[in-house]
Amino acid sequence: MSFNTFGQMFRFTTFGESHGVALGCVVDGCPPGVRFTRDDIQAALDRRRPGQSRFTTQRREPDEVKVLSGVIDHPEGGLVATGTPIALLIENVDQRSKDYAAIAGAYRPGHADFTYDIKYGLRDHRGGGRSSARETAARVAAGAVAAKVLPEATVRGALVQIGDIAVDRARWDWNEVPNNAFFCPDAGTVPLWEAELDRVRKAGSSIGAVVEVVAEGVPAGLGAPVYGKLDADLAGAMMSINAVKGVEIGDGFATARLTGEENADEMRLGNEGRPHFLSNHAGGILGGISTGAPVVVRFAVKPTSSILTPRRTVDRLGQETEIATKGRHDPCVGIRAVPVGEAMMWCVLADHLLRHRGQVGGFVRWPFEV
Amino acid sequence: MSFNTFGQMFRFTTFGESHGVALGCVVDGCPPGVRFTRDDIQAALDRRRPGQSRFTTQRREPDEVKVLSGVIDHPEGGLVATGTPIALLIENVDQRSKDYAAIAGAYRPGHADFTYDIKYGLRDHRGGGRSSARETAARVAAGAVAAKVLPEATVRGALVQIGDIAVDRARWDWNEVPNNAFFCPDAGTVPLWEAELDRVRKAGSSIGAVVEVVAEGVPAGLGAPVYGKLDADLAGAMMSINAVKGVEIGDGFATARLTGEENADEMRLGNEGRPHFLSNHAGGILGGISTGAPVVVRFAVKPTSSILTPRRTVDRLGQETEIATKGRHDPCVGIRAVPVGEAMMWCVLADHLLRHRGQVGGFVRWPFEV
Amino acid sequence: MSFNTFGQMFRFTTFGESHGVALGCVVDGCPPGVRFTRDDIQAALDRRRPGQSRFTTQRREPDEVKVLSGVIDHPEGGLVATGTPIALLIENVDQRSKDYAAIAGAYRPGHADFTYDIKYGLRDHRGGGRSSARETAARVAAGAVAAKVLPEATVRGALVQIGDIAVDRARWDWNEVPNNAFFCPDAGTVPLWEAELDRVRKAGSSIGAVVEVVAEGVPAGLGAPVYGKLDADLAGAMMSINAVKGVEIGDGFATARLTGEENADEMRLGNEGRPHFLSNHAGGILGGISTGAPVVVRFAVKPTSSILTPRRTVDRLGQETEIATKGRHDPCVGIRAVPVGEAMMWCVLADHLLRHRGQVGGFVRWPFEV
Amino acid sequence: MSFNTFGQMFRFTTFGESHGVALGCVVDGCPPGVRFTRDDIQAALDRRRPGQSRFTTQRREPDEVKVLSGVIDHPEGGLVATGTPIALLIENVDQRSKDYAAIAGAYRPGHADFTYDIKYGLRDHRGGGRSSARETAARVAAGAVAAKVLPEATVRGALVQIGDIAVDRARWDWNEVPNNAFFCPDAGTVPLWEAELDRVRKAGSSIGAVVEVVAEGVPAGLGAPVYGKLDADLAGAMMSINAVKGVEIGDGFATARLTGEENADEMRLGNEGRPHFLSNHAGGILGGISTGAPVVVRFAVKPTSSILTPRRTVDRLGQETEIATKGRHDPCVGIRAVPVGEAMMWCVLADHLLRHRGQVGGFVRWPFEV
């Protein structure tokens, strides 16, 4: 059962609400000997942190992470995982715990207010409670640990579409991603998005987006048919991110328009006689198992549901009403979903690596060195 | 770990290869007292069965199911589940176990040949072995049992796109689905698809497709945030079907182009004061929990990888070669994916119903008190 | 995979080492609406807390628990679970993090030093690290929440044997348990144990013990054959407690000496025509399912491995050596295992209650019709 | 959720009732390349098969196993696992499906009749249905596959006690086990047991027993603290066997009487400087992880509940009655529990080996040989 736990061999359990005391996660299954620093995790969190540009929520959260367990100091500096659970804690600071009672009763369209009430009969209504995207900070922290499990791999995410404006793939440059507030890989698209988002933001509206995440250096052989397929797990992972409504692997929905000839990724021998693919329509996965080619995932993020325009709704007393959501919100939640998508990719890959080769990967010989 | 098991509370484990002795599944967690007949399962299998039109593979498999365990005869006829595992067996008949050795060495592009070899070091190469879509017969059998767990719900699937030709949604009629060889809900589209598929088939080629599955009558409250979300589990379920490359919930990728105002599903009170939604962009799921509105899922199916046109590839001896796949194949595997998509929807819903009953103990009524 | 997670529907994940920053747990699956207070959890922790008599370790840990998530304030006081994960944190205070390096290399017989090193290649050697019984504080915290899930049940534990001295069952009085430092249900045995433990303690030695835990008011029907049996899960739960080497249900090993006639628990009708058992050799479980009679579990706890007498061992450099363990240790770890055993009983029962509600949807009444 | 599935990485799911069409299991997670024959499985089943002496049930079941999937023929003979699920089927032959209706209503004391009815509201009453020990045939089949996963290990079981008569450990000889009808390791005890069981059998009574299972050659390092401990999983595994009421690891309950000095397994260096233990009170497990010493488990089996002496009970109509169980029954079910205990030991060890090192254990290089 996976209420709040993700993964099997490399797994994390998250906890915490938007306006509670703290949030965090317990990472279980990290192989012993994996090295990282608190700064590695902090750096990942900083990329997702709110309030870094006018295009994200103005909530100010330092998101400082504490490492509570599962590591010892390495003689050469930093931390080393012992194979026991790694608990990571992030305290909430700027939660503005004013009285949400006034809006507590009306269900905000597009939010989980209605469904949490229907399911649980009660909910933490302060800022979305558990359904808030603040939970994704814990995923990013877990992803920073997962990244250390596959040092040979690279995972990079980018925003590829906002509203009707898609990036020009001919100008794709990963080096541009850190240079703008959108994780945009195309410098030419940035001013277009700035203009669009300023317009949206000033209108009190919001807009959808598409994120792409690419993993390179993934060893072939990861994924366990038929109900532990790598692509199925990636699809579930990305769809579990707040506001995501669609997921594609490789060419995704475009394959519906292709013929078998067009879609076939032909193979040839390359360096040292190793096989490689001449194209990657498959997005690096065949039969649910990684091929060694880049693993390519895209997901659609719906527009932020919190908008200033009043919308018709009902409240928990069974009355019709209207609601407009003030407060600090991302006009395009797709932007901050980029590091979250990267984190989920890392966690899925780490999990499948360990499923394939186990937590420890072999027997330690005795006597041995630290 | 879910190598070959799907689900948590309502779960099934499948086994069997394309050209082995038999395939089947063990359904575990079916509530005691659920009634069904062997014919219910057979009828579901017959919808997926090959060889029913010139647009599907000409392999002739009766796909007769045997119920081995988990039931007793009901005094009024049919079977009743006892709460113990229900084993369902389908023997292979038309497996044509001729020597596949000649093609065993060359990796068919788009197939799982290469990845199974890389992962496992060996594989059952007869007709795709475990990676064959024949495994989906076992899913359909399990889905027929799952359907009996939610008698109040309806699940219907349709093919909505083949290649560039999509159905006209204005003419959508569920009653048309059983009237044609495509599960097409629009009579006007049928001749267009027939012409297209005849062309594809004669060329020895293949083509992709899009399937839509809609569940109505699903109770609100199913789905367990944040790592047991209903939409995430549906995404994983559909992506686990052979050849699927993309999954959408509700408006899916189209939400990337919407504003918050457009995407909001407003609410009003209806019959007996019950809340309802004025639109369903969300596809019946908010925050990972069902809203009571129809659950809408679409998935893209890539073109069949087995084509007559030779493609460049390599073999397991490390040599470059070419391969063309003769034999009996579906020119559009998307067609027979329709009943498989329905089955996976049933299984996910049954699983989440039982999870919900467990954690919450029943359905919360609306309006409700704290 | 259950590296550090216990349970399925009601589940908890623990983290933390003996001498780390903090330890704690995340309780996942607590039904919404369950009410408790922080004091409920603290009271349970206080029963297990070290340093309360001369017969337990002199380490001074306040074991103050913080509730980080998963609850909101109830209007009438206390907390109410929202159905989201409940994170509980206990900071370590008296960890005396002096240099353990001197003894880090030699494997203490009976401890997990050797096996952690062999498995993981490294370990947190400060006070046992993850293998320390301090981890059980997190179980006790989780158990205090689980207890609120079954308000109709009562779980009580007692120490029934220390070394060769067993309690006189004819004098069993649950009311005596809180009156002595041993959780002993027989006032007459207390002075005998005091004398025995003073002797053991002064000799720098240690001694084994047997704990019995009894649950009353458990509804019939809990437990899912054949691999989710209530007795099998209880056996696994108790055996997972540090230093436990044996588990019995009901008459346990004594049944090997019984005939079928002696072992049969006959049935008769009682109040309101309800069936009841005339004896309870079965310990409240038949076929892996609870009968409604008291669930009775006993487990053996080996003597504390930390003793002053030098023992022969080897070190991680591959040299033979001797080791005597100084420091603050329980002369009989069985004593503080009593509240831990109770907590595990609560957690198993809560888990099985939720599993049952899920699969079956409520309790079947008796007598009943097909 | 583990309703009918055992294990995590090496896992099996069983199905089937005592008097149904067939029973069997699906073994999932067997590493690719593991070789075995159908005869290997049959030989294991034959050891457990009923009707082989006058001391076991006279039901005649050939228990012939069919291998339905998951293997291909090995060029050198026998089968080789492909890494996909291995389905094993055993058809019931001698089920004597006469009308059980007469006794269907009365709950046999000690059996699961009452609890299945209470839990599920109905049950398969033919010969115990799912609660019958016939299910253990499927475990034995799975265990025969598991044994091939650890070729370096040896697992042997023996009956060590019937009623009050225990074997003389000074005369223990594993070679005697196959020479008698009891799996008795002491030739001198055999005639005593024969006399005792003849007496019990003629009286229509039954008697309890104790089984011991020892695994040698188990690599150190198996087991994942703190909720995947090897001893906890073994305890759960053995307690899940029909009629088992107690489980011990190593010295078990006897450790309650020991001092720390007595219980300590001291270490010294042996062959090639490898560490070894001078005693094995711990039964080969410390901190939940294997030490490399023999893993020793004992479990108590209660007397068969089916006896000729009438016992008081109630029926499902809510009336008091008496019942005596005629038919073909083992007077001491502990005897045939020996191969079942061995099978569970194999399955737990295989599972933990794969948890430790993964299903595949490393990346297959390309190009590669079969």
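A, B, C and D are the chain letters, set down in written order, and residue numbers restart from 1 in every chain.
Operating definition for what follows: a residue touches a chain if its C-beta (ideal position, glycine included) is under 8 Å from a C-beta of that chain, and two chains touch if they have at least 3 such contacts.
These numbers were taken from a predicted model, which means no experiment stands behind them.
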Most distant chain from subunit A, judged by the mean position of its C-alpha atoms: D
Shared interface numbering between subunit D and subunit C [over half = same, under half = different]: same
Distance between chain centroids, defined by C-alpha means - subunit A, subunit C (Å): 38
Whole-Å gap between the CA centroids of subunit A and subunit B: 26
Distance between chain centroids, defined by C-alpha means - subunit A, subunit D (Å): 44
Of all residues in subunit C, the ones touching two or more other chains: 1, 3-5, 8-9, 14, 29, 32, 83-84, 118-119, 130, 225, 318, 355-356, 359-360, 370
Subunit A partner contacts - residues on subunit C that touch it in the complex: 1, 3-5, 8-9, 11, 13-17, 20-24, 26, 28-29, 32-33, 66-70, 72, 80, 82-87, 89, 117-124, 129-130, 316-318
Residue ranges of subunit B in contact with subunit C within the complex: 1, 9, 29, 31-32, 75, 83-84, 225, 354-362, 370
Of subunit D, residues touching subunit C in the complex: 1-6, 8-9, 14, 107, 109-112, 114-122, 130-131, 135, 161-164, 200, 205-210, 220-229, 231-240, 245-269, 273, 275, 278, 281-283, 285-292, 300-307, 309, 311-314, 316-320, 334, 355-356
